[in-house]
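Below you'll find the structures, each written out as structure tokens.
Note that chain A is present in both complexes that follow, paired respectively with chain B and with chain C.
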Partner chain A sequence: MKKWLLIAGATLALAGCGNSNAEDGADFPNKNVEIVAPASPGGGWDLTARSVQKALQDNELVTENINVQNKPGGGGEVGWKYLEKQDAHTLAVNSSLLITNNLLGTSELTHEDFTPLAILSTEWLSIAVAPDSPYSNLEELMNAIKEDPKSIKIGVGPALGNNDHLSLVQLAGEYGIDAKDLNFLVYEGGGDVVTALLGGHVDFVTTSMSEVKEQHLAGKLKILGISSEERVEDLEDVPTYQEQGVDMVFPHWRGIMGPPNMTEEEIAYWDEQLAAMAETELWQEIVENNDWDSYYMNSEETSAFLKEQTEMYESLVEDAGMGQ
Partner chain B sequence: MDAFIEGLTTSLQPMNILWIVIGGFLGTVVGMLPGLGPATAVAVLIPVTFGMDPVSALILMAAIYYGAMYGGSRSSILLNTPGDGSAIAATFDGYPMARQGKAGEAMALSAVASFVGGIMAVFGFILLAQPLANFALRFGPAEYFLLMLLTLSAIVSLSMGKMVKGFISMSLGLLIGTIGIDTQSGVYRFTFGITELSEGLDFLIVIIGIYALGEVLFNFLTIDEDSKKERKKVGKIWFTKDQWKRSRMPMLRSGPLGFIIGVLPGAGGTIASMLSYSSEKQLSKKPEEFGKGAPEGLAAPESANNAASVGAMIPLLTMGIPGSGTTAVMLGALIMLGIRPGPLLFENQPETVWTLVNSMFIGNVALVIINIVLVGLLVKILDTPAKILYPLIVMLAFIGTYTLSYTAFDFFLLILFGYFGLVMKILDFPLAPLILAAIVGGDMEQNFRMALSASNGSLGIFFNSGVSIALLVLIILSLCYPLIVKAFQRRKADPIS
Partner chain C sequence: MKKLFEQIQSSVSIQLKILGLVTALILFIVVTITGIFIFFEYREDIKAAEKMAYQTARALSYMPTVQESLQDKEDIPELRNIMDNLLRDTNASAVVMTEGERFFVTAGDEEMILKVFDHPPIDKAIIFGSSYIERLGTNKMTLVGVSPLLVDYGDYKKIDGTIMVIYDGRLIIKSVIRESIPILTVSSIALIVGLLGSFLLARDIKKDTLGLEPREIAFLYQERKTVFSALTDGMIVTDEERRVRMMNPAAKRLFRVTGTVRGKLITEVIGDSDFPFLKEGFQGDEEFELGDLTIIASRQHIRTEGRITGTILTFRDKTDLRKMSASLSETRRVTEDLRAQTHEYKNKLYVILGLIQLNKNEQAISFIRDETQSQENYVRLVSSSIRDEKLQAIILGKLAKASEQHVSFKIDPGSSLASLPDSIDLNGLVTILGNLIDNAVEAVRKQKNGEVVLFVSDMGTDILFEVSDNGPGIPEKSIVRIFERGISGKGPGRGYGLANVKKEVGLLGGEIEVQSNPEGTTFSVFLPKNR
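After this line comes the complex of A and B, so read on.
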């Protein structure tokens, strides 16, 4: 009986600690910070989470310990559901999947269920073909698809409804092609897509520029176009989609958000630290090494941006015939 | 050549040798523990590698990777609980050897086999990296499908004498493989609205549940004090001349086989070790001893899976394409450090590549020593009383499972598969076909459908290339093999006909 009392007492004491911390907002943060990467180690989300961890800690922007937690599953769903129940010491990395999962009917969550804190970086998407491909620009390729959509095999991964896929849906739409006719082979990931193109198993691929950049520089394949506003460093010979007469810019952005119901002080704290982080040399070096681009927006801008993006993705998912 | 010498000097720097030894040791340890694999170990180390010289970081991560191949078989041999797919084949003969009181011999033999496979693969890397990378590109969806089919047919044909049970076991594994998102259509299958199931079951949970937990539960049923005393024999810590003679050639054959399969992105150590085991059984003059503690049945897959881990570096470094979970994590870490694996790496930074190659030489030498030294320590595990050992295994199983995706939901799956494994053991169903089918089943289906989608529905695509025809022939051979053996046995038994 004594034991039970002891345990009960200890539990109460612990619970008491938890409460007092939460009420005392002034010295936030006051315990370890956790960054959730809602994916397995190795991917873009994981790298983003670990880069933020590194940049915040090494520049002493956050003095508390920062841990990265991998919570893979459901295209982010598992990690984000976890975030929903945490306090402002836990953040999670996100991307457009936060929007599209809901539109595709695989998730109930939207960006409105969280507190968006920042957009951090972006990758650009690209269309690539084999070096001996008969198509030398976007127009030739799209015209060939228009003529016989089934004859042209497209490599994409890891799932339909992602940015690689939807950016092509938008591109094809600009050329008047019905995206539902496209012949996709869905590979497990970006690397497999590139292997398939190198081995001649598909006619072209739609994937992140970083996946194909090295191969392009080595002459093993050819990038026909890139979804950025301006041509990118090291790939000055590759025209943007816009230059080829298609009015679209398509970022593959990644951002970071906190749980719902954060206080204004907490939001202000993270706004300040993340803005400072985006300016550090270390962060910019990481961005450059990964072939990302800086794309920083603060919490307010991010909220507006996510709204815009939701509208855009809504129409793309509809065009792809995947709407729910 | 200059770059090779430069790479050798760099890898011989004391600091780098230290990293190799640390990485190798760490890899051995995580390889031994169920669930904790090299991918997790490398991911955890990413923040540490930030401050390091990029080349040292690469050496360290690679050492963890092949170190885990050495360590992986320890628990397979001692406890019949493989920690990863590539260690499953080591249970077939490794565990029977341990039960016969030859645990020490088995572990020493497997360390040497890993060493032989590793060194052969490093030579293969030096001579053949580029042509093999090009060969791997010829593997399209059709070829991958056939390769996986070959693996499955080989594993089923291993369950001779209980063929039907083998097939049932494999079919269950294939069923497990269909859980989760179907990537070709984006439809969720058999997830019952549970988010944790949306990307399918992690096969490691299946392995840990069926083998580790199943083994513990099974032993609870059969435990008695006498068997404990009998198992105290651990044998010598070095293998006999006869064991060496029998395993020598299988090791030498399995090294190149494992290496080539390792080069194929996505195939990896599991398929390599399984195919080498089944082909050695088919080549053997005493196939009936396989599964009952044949030393060559342990040496072959051990050589193959270590060679495969070296082979997996080839697509990573020459094309920037990761062929396995661990190499995917390594790719991410390297990019952050400013090393860009890809076709230009060999031209722009050849010394980086050659440093890695040389470090793999040193690493394999270090690892064989580490692992043989550890044999004396590890055999003590068998002396541990069951009441301490089994709870410990259960604890490790749960910890390992939790580290896979940090969700308690996986515990339910683990327990479920633990009981599943127990039932299978009681009914004497072979476990390996189920696990293997669960590992390759999903990919096999996706590749099958991608192939058909590429050919607009024509099955002709499976006969389209030299590689696929060769694979088809091998599949037919491996399926007919049990029949041929039976025919021979009948003739022997009945000399008149």
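After this line comes the complex of A and C, so read on.
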């Protein structure tokens, strides 16, 4: 009898807790907020996470404490797996790797396992050659590859399957080049790729525009094309891929997402705060300083965008695999 | 044809039914369980093979010997050695290493290698550097684990080739079938045990039912029920605790019981525990009274293995029999009366014959006239005071008999009776008056001046009959028992007359009284006019 009373009491107590939680739901967030950077400190994801932290806190959009957690490993897999089991007080930075990891067989996770909250910014990708290169535009370069693909060495880093690599696979596909024939040398990172180009070890590189911008301005290398829709500030002399007759825009976007099963209120809260953040001067300044472009989309737009991106990458991988 | 089929169907024995059902059940379970086992085992094995192919391909692609063999051809024997070991240690059918897209070194089953020769599934590994599983062939029965050979050149890495590890799905199916042999064996044993068990069960059931098939038992039950219902004798069957197991409609009618009685104590059902047939020492047929009925009960025990496990009681209603024998004796009495009358007339005829032979015609004529006169007088007397013809007939019949016995039978001059109500039938009247008058005549016939007087009256609400004699009277000690069955002053085998009289009077709702002293006896019967 006593046992039953205890159980009944416990149940009532739990029910009581449930109620108070529901009331607190109106005061979300009610504890420290965590932003996961699924990489080591210093990379693009880490920088994005810390920028969001700073912009939200300095503009007093979120009054709770915000911590950045670095969880590197598996091309984002480790950090995102961690996020999967958290509540709406934890967010994680993401990029197209969330989609391509799954497509290329290195992860089971997809964007559908999470709650997309926003796309924040994008970088643009570029193709650069040495100043003394025989190729002065995209078409000359691609025709040369088409003629003898093995003879032209391409620098890429830090791994195949990233956007630097995929954007070139797509570009080559547009020129009817078999992706299997492309002669990629894989370097440790963006810096090493540029060094290899400057040292004459490779014929051209595919990398973020920010990696080669300074050297281009200094005349140490030459950017042949950029994956953006329009020409970029400070690099008005560099034509886009589109301008050079290739119907292709390729953003290297970064976004932020929450765990699965968030309530509508929680989604609405983050939607509001992140939209407000994207408007702040501080955030604009960060975007400018990092050579990013503002690319804000709210939760709903992000969902649609991720779906569209998934389809794009699927056909990209499939077409390349078919040997086009 | 249809009849034949029905015959076959109805002749399927319980043994065959149980056997068939159990066999079907066990077969179903065995097939289902084995099927599920094989299905899951196959899925597990395929998964395991996929994982194995994937991991083996990746592990090989990282091995320095494998990577170096592309540059240094001297490493190739060592590479072959590694591949052969791998094929021995795993269930893989073949391993292929490509340089770019070109086959470089292969080992294992050539048939399997040919399956990937035309379209090696290595594009994704070469382009994107990813490792994965591909399933090839029309039935997807060829599993290929693919991994790129990312060769380290110091400053950079480069994909120089791929590793393919090939598994034959058909071998997996074969091994699954091999693995399910024990479970099939166990299933077969279960099937045999089940068959044996059901055979024993069926035999046991048959033993319990004395070798009868259920439908035969059902028929017997139906038959027994019908027979019991059809019996005009009452029948009650009780178990060893004297609870009623069965009571047929006739028994229910006798004991005036309705509704279900099964399982109730018999004393509860028939409402009395004093019945002779319930007593320990009851010895077969014995009569007892139940209301106005005369019942003969008999008892028979049901014995199973020498022990009494039940009792069958039967009840025969003897009332009808009694009635019949009573009316038979009345008929006999009437015949006797007629015979006496004939005898009387014959005597008188002899007198007349004698007188005529002696030529005393005048005297003969006067004798006939006197006789006729006295007969007519008597009849007139009877018919003037008693208008009921039934009663007249009885009285005239008794008159002859009394006359034969030289007993004077008179009608009291004060008698008067219009007609008897319909409720009083001739049989009852014959029983009542016949017995009373006969008894009275018998009581006085040995006296010189024996006289019997009948007085009849329908004044008031009752009809009154009074039969008086001037006999020696009834001894005082026996007067209280004269209406009991078998009690008589006339010796053994007699004594039903007054009992019957009393019963008839009772049936007609009347009463009977007796007064007796050494100068005579008078029986008075009162019968209500309206019932």
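Just so we're on the same page, the second predicted complex is superposed on the first by the 294 of 324 C-alpha atoms of A that agree within 3 Å, B and C clash if a C-alpha of one lies under 4 Å from a C-alpha of the other, contacts with A are read in each partner's own complex, and residues count from 1 in each chain.
Heads up, the rule we're going with is that a contact is a pair of C-beta atoms (placed from the backbone, for glycine too) under 8 Å apart; a residue touches a chain by one contact, two chains touch by 3 or more.
All values reported here derive from a predicted model rather than from experimental measurement.
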Quiz item: Is A:106 touching the first partner chain B, the second partner chain C, both, or neither of them?
Solution: both
Quiz item: Of chain B and chain C, which one contacts the greater number of residues in chain A?
Solution: B
Quiz item: Just chain B (first), just chain C (second), both, or neither: which does A:196 touch?
Solution: both
Quiz item: Taking the superposition as given, does A:161 touch the first partner, chain B, the second, chain C, both, or neither?
Solution: both
Exercise. Would you sort A:169 into first (chain B), second (chain C), both or neither based on which partner it touches?
Key: second
Quiz prompt | First, second, both or neither for A:185, with chain B first and chain C second | solution = both
Quiz item: Do any residues of chain A touch both chain B and chain C, and if so, which are they?
Solution: 104, 106, 159-161, 183, 185-187, 192, 196, 201, 322
Quiz item: Within the complex, which stretch of chain B touches chain A?
Solution: 39-40, 42-43, 46-47, 50, 136-141, 181, 183-186, 188, 195-196, 198-199, 265-266, 315, 319-322, 325, 328-329, 331-332, 335-338, 340-344, 347, 405-407, 443, 446, 450, 453-454, 456
Quiz prompt | Sites on chain A touched by chain C in the complex | solution = 104-106, 155, 159-161, 165-166, 169, 179-180, 182-187, 192, 196, 201, 317, 320-323
Exercise. Would you pull the chain A residues touching chain B in the complex into a rising list?
Key: 40-43, 46-47, 50-51, 53-54, 69-75, 77-78, 81, 104, 106, 150, 153, 157-161, 183, 185-189, 191-192, 194-196, 198-202, 214-215, 217-218, 220, 286, 289-290, 322
Self-check item: Residues of chain C touching chain A in the complex
Solution: 101, 123-124, 126-132, 150, 153, 155-159
